[in-house]
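Each structure below is given as structure tokens.
In the two complexes that follow, chain A is the common piece, with chain B as its partner first and chain C second.
== the complex of A and B ==
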């Protein structure tokens, strides 16, 4: 097991190099001269040259790339062009608001979707199953923007159920989070329930289920004890893949509801063409994605003794 | 099992599935509307003031007018054209790339496979919306950038599926026979294996359309997509101000409804396709 983990971690190195190469190519090579981005189109030649020198842009690209790698290894993402703050500090400060939105949403949403998919699988091919599955597909067919705009207008503005936007640390912040968290849950619920339902129904055809039923185990117990246990493996694996997004936050929800998290930071950076911040967030997100992938594979190995990954 | 029989059975199954047929009809209608708008046959006056501002839905303006007195229905129709074109161009870019790399990786394995898997894993690990926004930032605003950005980021799913199928199919008897008869690698890949994975690509195309339409709406909403013409995202963005300012809801409703119907139809049709081509399901009946 330890050998496997170490091997997998080594496999992350070429992937991370790939991500850095893509990010570097996008922003330092294709993206045009950042000096113009900062100074605006009307900057004089002299100003541009000065800033290029200051940012190290007048050096060969290969040198710039290795310099970029060296910085990343030290977790030094440089400074934001817009706010001049250290990006590592910005990320650290953005994590708390992001997590305060995403973690409760993720926990409640996961529990809800597993419960719903169990109900649906229990009533498979009957009325309740049909209704819930159709509702899921319908829910998936509405843009998140509409949930946000309609929710914000009708629930917060017209009926005054929630504050329109804002964020506060601690328990006082809960009212601010109810609506965005609810939207996060609803947006994810449809596809999750559908996927979990398929996973659960894949199990109900298996021989061990037949055996359990033949022994006289009630259908409810078969579902909760036998089927759920086996279905949990792919379900947990898919939940693991949602973990990175807990840290990077939600671009749209955070910017609409004024939550000062990483998602909000990314949107602001994009609007301001703040390349160092976009680069840092992209790298951060990719790194977390790979870590979650690794975690998912490890969990698979731990819980499913049949799987022997190379 | 022969592909012919599988396809024939799938077509028959879909022909008997009312929900699938209804969604197919909706998809066709949307395509016709999009074509009509592309050739300037309908919704030609989407940019012109047609009546008083903020007219509620009525006989003359089915979905009312917006804050400049423009006909919301015409705007929705124009938005349909944009949405379908984004789906189409994304597919036209992403599917060939996905098939090409997937086939190469799955057929040749070894080094080629390693490099391709590394390449798409790299792309896949970058957060999607962030990569899209970064690409449009670099390519410049506008729909062309959206087509390219979506096309270049959404081939990974198809590539994965094609690769996995090629690995499986490659070992099958018919491929061995073809090789024994002297068929070359390219011939085997294109003429023998590809037709057998075609249905998987088809299912994926409808899901690709869904993703492309959804992303276009978000990108246009954020101001990097459609410029100076009404896409559903632009409409939702306008409608937000109308709603907050005056409680005018019809533009939001129109854009949401238009998007809801096509995405629902595409989702249902993809499900029907998947069921129809799944031998486990079709054998039961």
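== the complex of A and C ==
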């Protein structure tokens, strides 16, 4: 397995190169000249040229791209053009608020979805199954914006159950996170429950379940001990793929609830043509995604010894 | 059933607990303000956006500032002791500084104690703006104005980023004759130079802070203003507290009869500031902003477009349920202009005046005001907005206001009856929802007279680049006054300011240019007014722009916020505000 992991890590290199090339080209070809953004509308052409020189934007694209790669290899992302802060500091500052929202949401959401999917699988083709599946489809069909706007208006403003927006570090921040985390959970619940239900139902038709039932094992025990264990393989794989998004945050939730996380920071960097930050965040996101992929494969192997990683 | 009841009871208890823990104590002497975007930072050389300006003003101060209550806008000394003594030829400004003004305490000073401000600090601050490596967005304000400053700027071009600029070298137009006397010599008379000295760009900064914090100077403000920065969590909140070294601000003692009647002179002569702590919250979305305001978590708020009809009656009054909550509706005319510019480098649009007039006549400005501004704008007849010297309320632009029949006739006279023979024009706009919608409206208006429009939606940097390099045909733009002088608007059509300068239209008219040169040196009076009127008539006839609107600013504020008077040129003058904390406690308690 070690050889497999090493090989996969090598495979990540061309993929990361591809991502960096696409980001670099998009920024340089489509994004417009950042010197205009930095200097503002009153800048003269001469000032623009000088800033381009200072930022190294007047060098050939190939040279700029290799310089970008050098920064990535050295993990030296430099400073933001807009805020002049070190990008590593910015990411660190943004990561805590993002994770304080996404990690609890992910954990609670995952437990809830698995439990609900067990319930619907247990009551398959009965009233509870139908009600929950219909609710899931409804939940999936409604845009997250509706949950945010309605939740913020009714639950926070009209009923005063939660703060309207804001964020605080530590335990003081919990009240600010309840509503956005609730929305994150509800939005993800529909698709997760439907997927997990399918996976669990798929297992319930297997021979080993029939054997267990034939042996007189109770239906609850069959579901919890046998079916769930085997259904966890695709479930864990699906959860693993969600991990990178915990780090990159949620743009909409962060914007509406005033959470100063990485999602908020990324969109601000895009609006400000802050290329060093965009480069760092996209690289960080791509790396996490690939790492999560690898982790998913390893977990597959751990859950199912029949799978061989070659 | 019992189990369900127990579960429901559990969740209700949790919600009640959370709800109770939310009951925030009513704040003390704290002002809670709004920023609709992240600020760029606290470097006065980068103060090109409204929100940076609002925050920097709490910390930094220039030589002069606007009188808080006076309208039309006028200036008064801030760090200067008196108004500048200007020589008879209008070139030499002698400025005496207040004594006993100190920078706030900071690590950048030896022993951490802020030192006294001296005249050399202002010279340093201006030279730093001129330094190419500072990358200021405000050089254009000083360019060609101060003797020797352009040459100083040129000399900094040779320097590397790591080199220390020789700020001790002389600039002919900047001299400190003593620690408290600053002399500025201009290259030519400039009646609006006094306004430039009020801008955040002209604020005084200590060289120690620039050297100590280097790249991060914009994150560590060290000024002389009424507040010091205590906390800055980007994208969330900025907190300021009273600067203990600020002793020189007094509430104005003069104001109009309206000001007196509105209670704006109740604090006359009292030392500033009144509020102990400022908390500015960043809202990139409008819903949380307005909901927080309506809950009493903010003192003031703008009125989002989407919430307008829920808050304001059709007769432009605040709905009764909100007036009952002690909310006040504040309305003030902005010093701005929205306009659509033609590019005169385009052979067709630049050469056919009748074509431009036809396009102008086809634009339904009233509908634009209704659709996109909720009626919060007035039709612009010329480049100068109401409230500035030279604005003529009686002037009617013959090509402003929708008249489709006249537009069609004009188009035929231009040689394109029914739009036949015309190519499809490109309309340059930003790729955001509102700009796109406005472009769609323009396209629909043009279709009525047979002109085809293709919308080009681009990012803001690309939009600027296309304007600077004249790669557009028609574009929608806006301009807000940097200072309350008509020159600030009229320079936008001055020939030598053509792209990449501010004259994005590349409009050139010899008579207009000659008159512009006159108004830049004339002081306000009959001669200047006559020149401005003629310039307005020229551009109305030539139609380099479609004059669209002058916007009106509307906002809401609670009655516990005292001394609030909207100031368009220098908004959020919080040092004059006072919170009636008892009233707020009472009202929020209710």
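By our rule, the second predicted complex is superposed on the first by the 303 of 310 C-alpha atoms of A that agree within 3 Å, B and C clash if a C-alpha of one lies under 4 Å from a C-alpha of the other, contacts with A are read in each partner's own complex, and residues count from 1 in each chain.
Here is the rule we use: a contact is a pair of C-beta atoms (placed from the backbone, for glycine too) under 8 Å apart; a residue touches a chain by one contact, two chains touch by 3 or more.
Please read these numbers as outputs of a predicted model, since none were measured by experiment.
Asker: Tell me which partner A:273 touches in the superposition: chain B (first), chain C (second), both or neither.
Answerer: Touch partners of A:273: chain B and chain C.
Asker: Looking at A:26 after the superposition, I want to know if it touches chain B, chain C, both of them or none. Which is it: first, second, both, neither?
Answerer: So A:26 only meets chain B here.
Asker: Now for A:203: first (chain B), second (chain C), both, or neither, which partner does it touch?
Answerer: In the superposition, A:203 contacts neither chain B nor chain C.
Asker: Give one of first, second, both or neither to describe whether A:100 is in contact with chain B, with chain C, with both, or with none.
Answerer: In the superposition, A:100 touches no partner, neither chain B nor chain C.
Asker: Just checking: does A:85 make contact with chain B only, chain C only, both, or neither of them? Give me first, second, both or neither.
Answerer: second
Asker: With both complexes superposed on chain A, which partner does A:248 reach: first (chain B), second (chain C), both or neither?
Answerer: Touch status of A:248: first partner only.
Asker: Pick one for A:47: touches chain B only (first), chain C only (second), both, or neither.
Answerer: It touches chain C, and chain B stays clear.
Asker: Would you check which partner chain A:157 touches, where first means chain B only, second means chain C only, and both and neither mean what they say?
Answerer: both
Asker: Is A:110 in contact with chain B, with chain C, with both, or with neither (first, second, both, neither)?
Answerer: A:110 contacts neither chain B nor chain C.
Asker: Touching chain B and also chain C: which chain A residues?
Answerer: Residues 30-32, 149, 153, 157, 273, which sit in both footprints.
Asker: Using the touch definition from the top, list the residues of chain A that touch chain B in their complex.
Answerer: 14-15, 18-19, 21-23, 26-27, 30-32, 137-138, 140-146, 149-150, 153, 157-158, 244-245, 248, 251-252, 266-267, 270, 273, 278, 281-282, 285-286, 289-290, 293
Asker: Would you mind writing out the residues of chain C in touch with chain A in their complex?
Answerer: Result: residues 15, 18-19, 21-22, 38, 40-41, 48, 132-133, 135, 137-140, 157, 161, 215-219, 233-237, 281-285, 287-288, 291-292, 294-295, 297, 458-465, 467-468, 500-502 of chain C touch chain A.
Asker: For the complex, which residues does chain A have touching chain C?
Answerer: Where chain A meets chain C, its residues are 30-34, 36-45, 47-48, 50-51, 54, 79, 82-85, 93, 149, 152-153, 156-157, 160-167, 175, 178, 255-260, 264-265, 268, 271, 273.
Asker: Mind listing the chain B positions that touch chain A in their complex?
Answerer: Those residues of chain B that touch chain A are 118-119, 121-127, 129-131, 133-135, 137-138, 214, 217-218, 221-222, 232-233, 236, 239-240, 243-244, 247, 252, 256, 259-261, 263-264, 267-268, 271.
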